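Listed below are the structures to be examined.
Heads up, the next two complexes both have subunit A, just with different partners, subunit B and then subunit C.
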Partner chain A sequence: MNGSDPRLIKPVLASVLTVLLLSLPWLTSDYFVMMTIRIMYFGLLTMSLCYLAGELGLVSLMQAAFFGIAGYFVAILQTRYSLPFPIPPLAGIGVAVLAAGLFGLLAIKAKGVYFLMLTLVLGQLVWALASQWASMTKGDSGITGIYAPVLFGFSAEKSKTVFYFFQLFAFSGVVWFLAALKRSPFGLMLRGVRDSETRMAMLGYPVMLLRYLAFIFAALVAAVGGVFFAYFTGLINPHSVSLTANVEALMASILGGINTLFGAVLGTGILKTLDVVLSGVTERYVLVMGVMFLVIIMFAPKGIAGSARQIWEAYKGKMLSFLALGNKTAKP
Partner chain B sequence: MFLVKMCILNGFTLAALLFIVASGLTLSFSLMRVVNLSHGAFYLAGGFVGLSVLNASGSWLLAIGVAGIAIAVLALVEERFFLRWARGNDLIETLVSLSIAIIIGDLVLVIWGGYPKTIKIPEMLSGAVEIPILVVYYPVYRLFMLAMALVLGGGLWLFLKKTNLGITIRAGVDNFNMVAALGFNVKRIFTMVFALSGFLAGAAGVVGGTLMMLVVGEDWRILTLTLIVIIIGGLGSLIGTAVGALITGLAYSFATAYIPEFSLFILFLPVAVILSIRPQGLFGKEAA
Partner chain C sequence: MAAMVSDQKSALTLKGVSRSFGGIDAVVDVDLVVPSGERRALIGPNGAGKSTLFNLITGEISVDHGQICLYGQDLTEDPVQNRIQLGLGRTYQSSNLFMQMTVQENIFLAAWRRGERSSSKLRTLFRSWKKYPEQCSRAREVAALVGLAEKIDVTASELSHGEHRQLELGITLAHDPKILLLDEPMAGLSANERIFMTDLIMGLRSHITVVIIEHDIETAFRIAGQVSVLHQGRIIAEGSPAQVRANQGVQEIYTLSSETDGEGYA
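== the complex of A and B ==
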């Protein structure tokens, strides 16, 4: 991915980022910390989508369903059955993964546009369940009063800073997990499947199983985001599993660039910032977003991170040729 | 027994509406391989255009016509200026249609507001009649919808099988390059079929808006139901769409009557069963 970068840049950037993230609550205001928390949990949702898109070449419109299933289970188990702390989030993530196991059986058979269409339908069915099964999910008004737990004597409900650090820990864990997964033999096999499925099948790799596992891993990432979403906002309603939520995740991943984890977080950050800025200026937030989405798909389908890299590569090539030859042969 | 009869009748009439909407989508898909996600938005916009025309003129038939033509123009613009631009990459095309759906949805909200509205059933089609064999009274309008779907289905079938244009379209599905090489302007035919698909969606909006509510959000519900119909029936097959619409309509109607909390979710069952037996849908061709 970044083989041509000088070796030092990466660790230096990583340490600067780590220090920044760790000192964020003392460097900035509460509002900024809250924004960062939101970007992190929605970022997990976007990452889940980007993982499937990047590693398998499949665009899913149901990742928010797993996000929401986990959130709903946290809400229901905590408010309705009053189960103690580690159970609701663990069960929520577990059920979301089980749901992915079930839906995955159907979805992985489809490819390309068929996959998109199928996941749209499956996601809408989860939305229908959230909206219509009112005796369990409280219908369209949703479930309120979800309290974040107390961990090691620190209450994540009372202090945003504590919440921030718990989430940062989980978030970094997931990012590390996904990055490791991408580099693992499993990740390489997946990329093989993406690039030439028949060849991988001929070589004896279990193509379907690989796709199925990737689908489940992606759901797991979204589910972790959903748990933090439910705890942070204290409420969950059908909007979080709606098509709009899925489209927002898709928009964020296309904004940032669908192939990288960094792009996923960047895209979410941009989208959520725009969300705040635009809703202050205009009521036609959705319209502006739709137009923006259209423009990005048509003119920069690789996203901002992708386009930036493209420009960087082009610029670098020009620089090298300029230095080497001492003349301007590169086209504008 | 009465409930069962009503469920069956309601199932058939819902299937009729779904068929009218889905036939447009399957038509555009079979030729262009675009899963046009703005089809639900076309339906909703068509319904609201029809409502305004009806309020202005008082004629329900005129409302259908104007709504159909308005949405056909909209579809034409979408195809000509956006989809054609992205031709060849079906994923990009689908995402373009998705963003256009979002834009149309919000414009509808701006123009007609967020409150649910219904179109008044025309004088001639209001009231109920007794159905001889089943011995139940049933709204005339719903029976009319059923007849309309049958006529439309028959008409489309004849159009695709018997007319020169229909034959060209089907030939274009099988071998785009050959048909283009024979001197047909396949691009123009694409645009025309897409406009026809828009016409069907817009007209269906008026027909459906007379039966159910027109409200923002309905676009996605109709799109979901339509996609379910098409997943069950198989993409690009008119008969498949009819069968898919029947299965979906009946399942939804029975579920609404007996287990309302799961009425939409229950549609998951036929989708799951059919996908695990025949991933390409009941009448779909093997994916190329």
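== the complex of A and C ==
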């Protein structure tokens, strides 16, 4: 039976997902499209964090800084210098990557809790700049009036659907980029560094360079998210580079699971949805979310995607035979 | 001139190598010459400085005094990488593996470094590692050699202790070393696993120079053509197994250490 062939599951799921994503604006309401857009750009920030945590075992507290740096540059270059479309986002991402190149020189030397502290300090530095350098960043009130570009005659500012496809395109590109990095020899090398740095050095690998590259790639992913954040919300303020923004992404990655890209998106999706749903129901929604986290950490330490995978691996045989049985009864 | 010639023939030469840690002399004035292709055992009681000596040879720890040469080339001040390029490989006393990765991935990483120069950098970033048939088949080949053919897709953390030791050796062999430092490869193995491992080491290609730290003297004597005995950081005896066995000083250390520390000799 076709339904029972495990090799078919991935391509089938991928095609269904592609069709769903491409037809989403016509299937659902504007509100749902808007939520999806939010989940995608915050998802990029979460993925950036998950990439470092999953592949290198390093938890960074400054990914939001790269997210924000890109957003700020889009805002400044567009509102202050009126540069035309492809320049602000490309420059924004470029500057964020450069910043990662600079901060990375310091950060990659540290591990574990020291990496955490160093990235905390560097992240706060960026936050302080955003908040204090008022002549450039307009301080705590932030920069407003950032407009999404017009693409091939379609305005992403006026139409949510156009914006959605614009972002879906970039988002898919980044997902492909990260997925390729993860399954390449480079990906193996990073996990090698995560599992045993001394062994990697003993095999002759440049451990520091590998870490450095991963740090820069992660910043690139966060920066792409930042660009879309600035375009979609039309505003950027110090909150987007803050520790709080970073911790939200961290919570999303714990929720979804750090080891898969899907987990990062799922975690962000759940968090952002709950944010909206629960805050409408009760004022104490933060408390509810806190309890939920406790439950996740205690009973599903690998996150929802990680646990789902474990359950799938354990019951794969049973589920597949169940599906096969279903097929047989459907077609007597 | 004679010294020069013997230097070039010897794979590994240590001259007056010393290292102390906070006033404790771990390795004192060690001279060691291991000719190319020799099987040398390094024995001695616990804390004799055997593992430290390995760390000094690989460059993971720097020397206080002395000189370390591989194939006549002075590498005393060189980083680990340069020594590895000359064909140095080591295993660790407690398995130092990539625990969250499969057996094949573990060995692939070692095999990759060896043949890496043939592939472009960009592909290394984006092309699936499974699309490198040369390294993948090398990984399978080595896994079979160390007896892990059937565990190739198993995560290292799920293997038994004995299998960890086999994988430990596999990673090192996949790197195709010319000088192999084996740090207690049999530690904690069952009798059967021990036999398998001994055969494996004895069956290594003859051009590979092997220095093995081994607690079990009988095993060490079986594998090695030459034995060096380290005690309190110094080499106190050297020679064929028969010569070392007959050495008064060695006998004294071993009676003493087996009285005070039965475990180490077991």
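Basically, the second predicted complex is superposed on the first by the 287 of 332 C-alpha atoms of A that agree within 3 Å, B and C clash if a C-alpha of one lies under 4 Å from a C-alpha of the other, contacts with A are read in each partner's own complex, and residues count from 1 in each chain.
We adopt the following convention: a residue touches a chain if its C-beta (ideal position, glycine included) is under 8 Å from a C-beta of that chain, and two chains touch if they have at least 3 such contacts.
None of these values were measured; they are calculated from a predicted model.
S.K.: In the superposed arrangement, does A:P185 touch subunit B (first), subunit C (second), both or neither?
M.R.: Once the two structures are laid over each other on A, A:P185 reaches subunit C alone.
S.K.: Among the partners subunit B and subunit C, which is in contact with a greater number of residues of subunit A?
M.R.: B
S.K.: Please indicate which partner A:L98 is in contact with in the superposed arrangement: first for subunit B, second for subunit C, both, or neither.
M.R.: In the superposition, A:L98 contacts neither subunit B nor subunit C.
S.K.: So, A:V276: does it touch subunit B (first), subunit C (second), both, or neither?
M.R.: Once the two structures are laid over each other on A, A:V276 reaches no partner at all.
S.K.: Let me test your reading of the model: by the given contact rule, A:I311 touches which partner, first (subunit B), second (subunit C), both or neither?
M.R.: Neither partner.
S.K.: Is A:V19 touching anything from subunit B or subunit C once the two structures are fitted on A? First, second, both or neither.
M.R.: neither
S.K.: Quick check on the superposed pair: does A:L209 touch subunit B, subunit C, both, or neither? Answer first, second, both or neither.
M.R.: The answer is neither, since A:L209 touches no partner chain.
S.K.: Which partner does A:F293 contact after superposing on A: first (subunit B), second (subunit C), both, neither?
M.R.: Touch status of A:F293: first partner only.
S.K.: Quick check on the superposed pair: does A:R194 touch subunit B, subunit C, both, or neither? Answer first, second, both or neither.
M.R.: In the superposed model, A:R194 contacts subunit C only, not subunit B.
S.K.: If you stack the two complexes on chain A, which partner ends up touching A:S135: first (subunit B), second (subunit C), both, or neither?
M.R.: first
S.K.: Report, in rising order, the residues of subunit A that make contact with subunit B in one complex and with subunit C in the other.
M.R.: Shared contact residues on subunit A: none.
S.K.: Looking at the complex, which residues from subunit C come into contact with subunit A?
M.R.: Residues in contact with subunit A: 58, 60, 80-81, 84-85, 89-90, 92, 96-101, 105, 108-110, 112-113, 123-130, 132, 171, 175.
S.K.: Would you pull the subunit B residues touching subunit A in the complex into a rising list?
M.R.: Counting only subunit B, the residues touching subunit A are 33-35, 37, 82, 85-86, 90-92, 94-96, 98-100, 102-103, 105-107, 109-110, 220-221, 223-224, 227-228, 230-231, 235, 260-265, 267-268, 271-272, 275-276, 279, 287.
S.K.: Write out the stretch or stretches of subunit A touching subunit B in their complex.
M.R.: Contact set of subunit A toward subunit B: 59, 105-106, 109-114, 116-118, 120-122, 124-125, 128-129, 132-135, 243, 247, 250, 254, 284, 286-287, 289-291, 293-294, 297-298, 301.
S.K.: If we count contacts the way the header does, which residues on subunit A are in touch with subunit C in the complex?
M.R.: Per the stated touch rule, the residues are 180-181, 183-189, 191-192, 194-196, 198-206.
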